[in-house]
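Please see the structure below; I have some questions.
The letters A, B, C, D and E name the chains in turn, as written, and every chain counts its residues from 1.
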């Protein structure tokens, strides 16, 4: 009739319990924790790598034609995200960053949506040549190659 | 006579019921870890119960697979009235990576309005505790609304 | 005037209010000590009171397959029997109802709550409840044998001293015996019986190592699976009061004596001693052991506690 | 001389018990019961026998102080016992007929649907 | 008032013959005759209570007015003392209620006139046996009783095993009767009289070997009639296949008659209770009967067979209590006999009601009937709680007396076994409650209706009696049980009244001292105060409920909303009813060797049962020859 852990049980009654009283003592997430996404629209170049690489496909892009360029908004819907941070790794410009903020308990769905918009100015459009010149350039091109 | 005390006790002793609808058990381990000595949800009165009849807060994990769909609906209906549905992780919220698969029957809010959804795959125990704290407020409102 | 005294006794002092409050506090203490043993902070002591009132506020669902009247009245009957038992248990010479209380009456009154739980579970019509019932009944059979032997040993021991050899079943004689000869625990012949009773308390209360009837995970709280709201609150209250009764019975049988003479101090002493017994017998076992299988419970109870009880019975019998 | 009666009774009774215990055919069991009954009837009669006594049938006129009778009471008892023996055998036989009809066999090992 | 005993017996026999003549044609005449006969005998016996019980004089009646001539009893005498009347009341009550129950119960059977003839014969025989003062008359009454019982067991011969049960009952019954006959004759050979009073006077402490041999044979014969364990296998088959109103009579009267005969034999005839060895013999038999009866009952899965084994185990209680030959022991035994008739009769009637409503009593086929038959369920619960001895009901009082009696006689193991047996009784009735009344209802019992009123009246009467004897123990003991106990212990008065006073002094040399019938109850338990407490608590709880703001109980509406389905881990709760033999898995697994052995021991072969009977008789004879003188 052996009683396992009897000694530890009695000893631990007198020791301090090892509970972190979370809501009172705010706990910092460990280094490199992949939490909430931070999106820096100014760095983004709308290359779409993150969309292609995101497994659950929770990144969506909306492009809107405006006069000074197309207004591009990226929506990171974290409700569907697996926090694998592939998007952050593949982003050539480092526009996406997963912070250590793990407070993702939300009551309405909107808070999980991280979005950022930027206006991508098109390169200065070369002057519009009349139709005729366009064909000449093409013929010269063709002649050069022969 | 006990109205005020009953109101207060709804905050102090919410009982949980864990409902796994095909999850990869990542979130389930997190839920259990909330009850371990380190995070100790019991100090706030949380207790895992065996039967939905005893529960106030229902923790749903996993994308609703077709097998567990009508079981989910039936079990959720069997919980007595002031109840709060909490979705743990992104699967119940939006069927995560399994979106569009043949056997996944879509996010949880197709069947029941989600009161609190805790994102994260799996969410950190502290996040779950936050979520549960929010769930307690909703429970109290529902209880007041029910009266 | 007598009716008033009865009413007071029934409703307040050893009756409903007092035993409910102390019971809930004791089970709160039990949960706290178990938590501390697992190095967690654990719920506040008054957590069971919150649980009780929250359950009062919940909606009560009566399933379709249940037979309604039994389903709803079972917990109340269990509560009635338990409160009646609290009136009989003497606290250091003060017994609420001055009848010469009786071990066999208490023994049977304590089976009524278990039967009420079984009737409630049966009435709920769920298969889990059915399995829970058969386990509860196996538990009752397994702990009845050693419990009976312990009670008869004490009856015989006190009978030989006070009642010219004839066994006495009355608790007040046991208390007066201990007033004269000091608490029963000091008598070496009865120590095995005390150990046996310590082992019986957890299964009678239905706490963890032996709670095969209300196993949360295996059979979803057994007989209580269909209960919600007020009936479940009363069942949890029964559970708590049973904890108070069993421990104060242990105190009365083994640790009582002259007492301090003042009623209030006696009550405080009795509650403190029962708290100590709760910590010793229920909490430690709950913290360090896992739940037993069904036939292990029977095998366990018909070997160790019965052997202990028989040893003390034989010792008492020989040591005339 | 009286001893022979008692020995005969004992033989009959023991034989009856032997038949009941060992024979598997229920018809033979009834015969065994009958044997026990007759053994006991013989016992009753031989108990009431006074050597040299005449039959206890007389009219008051013939009753003389020195007339010596056999004890009449056991004979009355034997009468009822024989009647009872006959009825028991009759009922047993009717039951056996129905059992044969229903179970199709008279073997005691087969007529055992109620057990455990 | 002198003629009441013989009148009550004769009315029953007369009723039997009249049903044969007039009753065979139409139903109502039959029922009318049966009702009139049983109610007349009921009234006659109840009117006897005042003279015999309260003024405790003994009624004696010489058939054919053959008074004893110069101190020698020739004729057959009826002698009704308090002990006989106590069992008479039990018998008459059972007869009356059983006949009322059987009006509707045998509606579906054909040839019910044969039923009433046999039943009235059975009741007449039992009353005759209880009132008679003559040993051979007792044998004849036993024979008629066995006869009628065999006939009634085979009444429903289409039922599985009825014929077989009847045949086994007949064979064992006839072995028992021949033993009783042999015993009577050996006594007659020594004392040359058949009147019990005179026999007990002549046999007073000059127990010759032939008297001992007769004592052993009689004890074996009567215990076979009372279905004590070594002789019991015929009983469960007979109770199971007989119609329930008859098996209620069996367990109410027939084995009580066996117990009465044992008490009369041991206390009055041979005055053998001073010998410690006889007491130990009875206690051993009683304890074995108690334990084997209940363990066999746990393993059964037919309701009536389970009840049969329970009545065997309760008879074990009665015999153990009677074996403890103190005044308290006998009180406990008789009180338990009365209680047993009440709650066992109740349970057999519920079995009958279920058979009437659903057509089967198999625990594995029934389920959830409490909703369809609420009153039968309520009655069953009263019966189940009183048999397992829960406080407010009558089983508790008598079992408590049995525990106290056995423990005061320094028989600790017997008390422990008794308490364990009572817990196992509770277990087996929980099993019956779960598998028949609660749990889920199989489809085929959808349109089961409550049993007609005429069947429920006797059930309610018995239930109320169960509660009354449980709540007012001191009144019942004062008026019914104590006079019977004094009558059993004080045989001087029994002899004097029968044979003319002064007879006992002349024969015995000194008047037999009358032992004082007083016993101090070890603990004190006043059910009235206890019931007041219950009422007070009920008020208290309702106050708390109302004030406490219990919110509304939400009852299931007709729409099949899953909220009110049974929680079945989310599955659509198809029919999964935990019933019959899937309960108590743990217990059966632990004691599987014991249960296996017991199952094979009841092999069903008539030769084995006969072997048991004869083997135990030889043990009785050897035991009594070795130890008694």
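Rule of thumb we're sticking to: a contact is a pair of C-beta atoms (placed from the backbone, for glycine too) under 8 Å apart; a residue touches a chain by one contact, two chains touch by 3 or more.
Protein names from UniProt, one per chain: A = 4Fe-4S ferredoxin, iron-sulfur binding domain protein; B = Membrane bound hydrogenase, NiFe-hydrogenase small subunit MbJ; C = Carbon monoxide-induced hydrogenase proton translocating subunit CooK; D = Na(+) H(+) antiporter subunit C; E = Hydrogenase-4 component B / Formate hydrogenlyase subunit 3.
This one's a predicted model, so the numbers in the text were calculated from it and none came from an experiment.
Undergrad: How short can a path of touching chains from chain A to chain D be, counted in steps?
TA: Counted as steps through touching chains, the separation is 3.
Undergrad: Can you list every chain that touches chain D and also touches chain E?
TA: none
Undergrad: Could you find the chain whose CA centre sits the greatest distance from that of chain A?
TA: Relative to chain A, the chain with the farthest C-alpha centre is D.
Undergrad: Could you see whether C-E or A-B has the larger number of C-beta contact pairs?
TA: C-E is joined by more C-beta pairs in contact.
Undergrad: Would you kindly tell me how far, in whole Å, the mean C-alpha position of chain C lies from that of chain B?
TA: Centre separation, chain B to chain C: 35 Å.
Undergrad: Can you check how far apart chain B and chain E are, centre to centre, with Cα atoms defining each centre and the answer in Å?
TA: Averaging C-alpha atoms per chain gives centres 58 Å apart.
Undergrad: With chain centres taken as the means of their Cα atoms, state the distance from chain B to chain D in Å.
TA: Averaging C-alpha atoms per chain gives centres 83 Å apart.
Undergrad: Centre to centre, by mean C-alpha position, how many angstrom separate chain C and chain D?
TA: Distance between chain centres: 62 Å.
Undergrad: Pull out every residue in chain E that's touching 2 or more other chains.
TA: Expected reply: 548-549, 563, 565, 567, 569.
Undergrad: What are the residues of chain C that contact at least two other chains?
TA: Within chain C, the residues that touch at least two other chains are 35, 38-42, 56-61, 128, 220, 225-226, 229.
Undergrad: Going by the contact rule already set, what residues in chain B reach two or more other chains?
TA: Those would be 2, 6, 37, 40, 43, 51, 53, 78.
Undergrad: What is the complete set of touching chain pairs?
TA: Chain-chain contacts present: A-B, A-C, B-C, B-E, C-E, D-E.
Undergrad: Quick one: in the complex, what on chain B touches chain E?
TA: Touch residues, chain B against chain E: 1-3, 6, 51-53, 68, 70-75, 77-78.
Undergrad: Considering the complex alone, what residue numbers of chain E touch chain C?
TA: Counting only chain E, the residues touching chain C are 368, 370-371, 374, 377, 381, 385, 389-391, 396, 400, 403-404, 407-408, 412, 415-416, 419-420, 423-424, 426-427, 430-431, 433-434, 437-441, 520, 522-526, 529-530, 532-534, 536-538, 540-541, 544-545, 548-556, 563-569, 573, 576-579, 582-587, 589-590.
Undergrad: Which bits of chain C are touching chain B when the two form their complex?
TA: 31, 35, 38-44, 47, 49-54, 56-61, 128, 215-217, 219-221, 224-229, 232
Undergrad: For chain A, which residues are in contact with chain B within the complex?
TA: 17-23, 27, 29, 33, 35, 55-58, 77-83, 102-107, 109, 112
Undergrad: Can you list the residues on chain E that touch chain D in the complex?
TA: 136, 140, 143, 147, 150-151, 154, 157, 160-161, 163-167, 170-171, 174-175, 177-178, 181-182, 185, 188-189, 192, 194, 236-237, 240-241, 299, 599, 602-607, 610-611, 614
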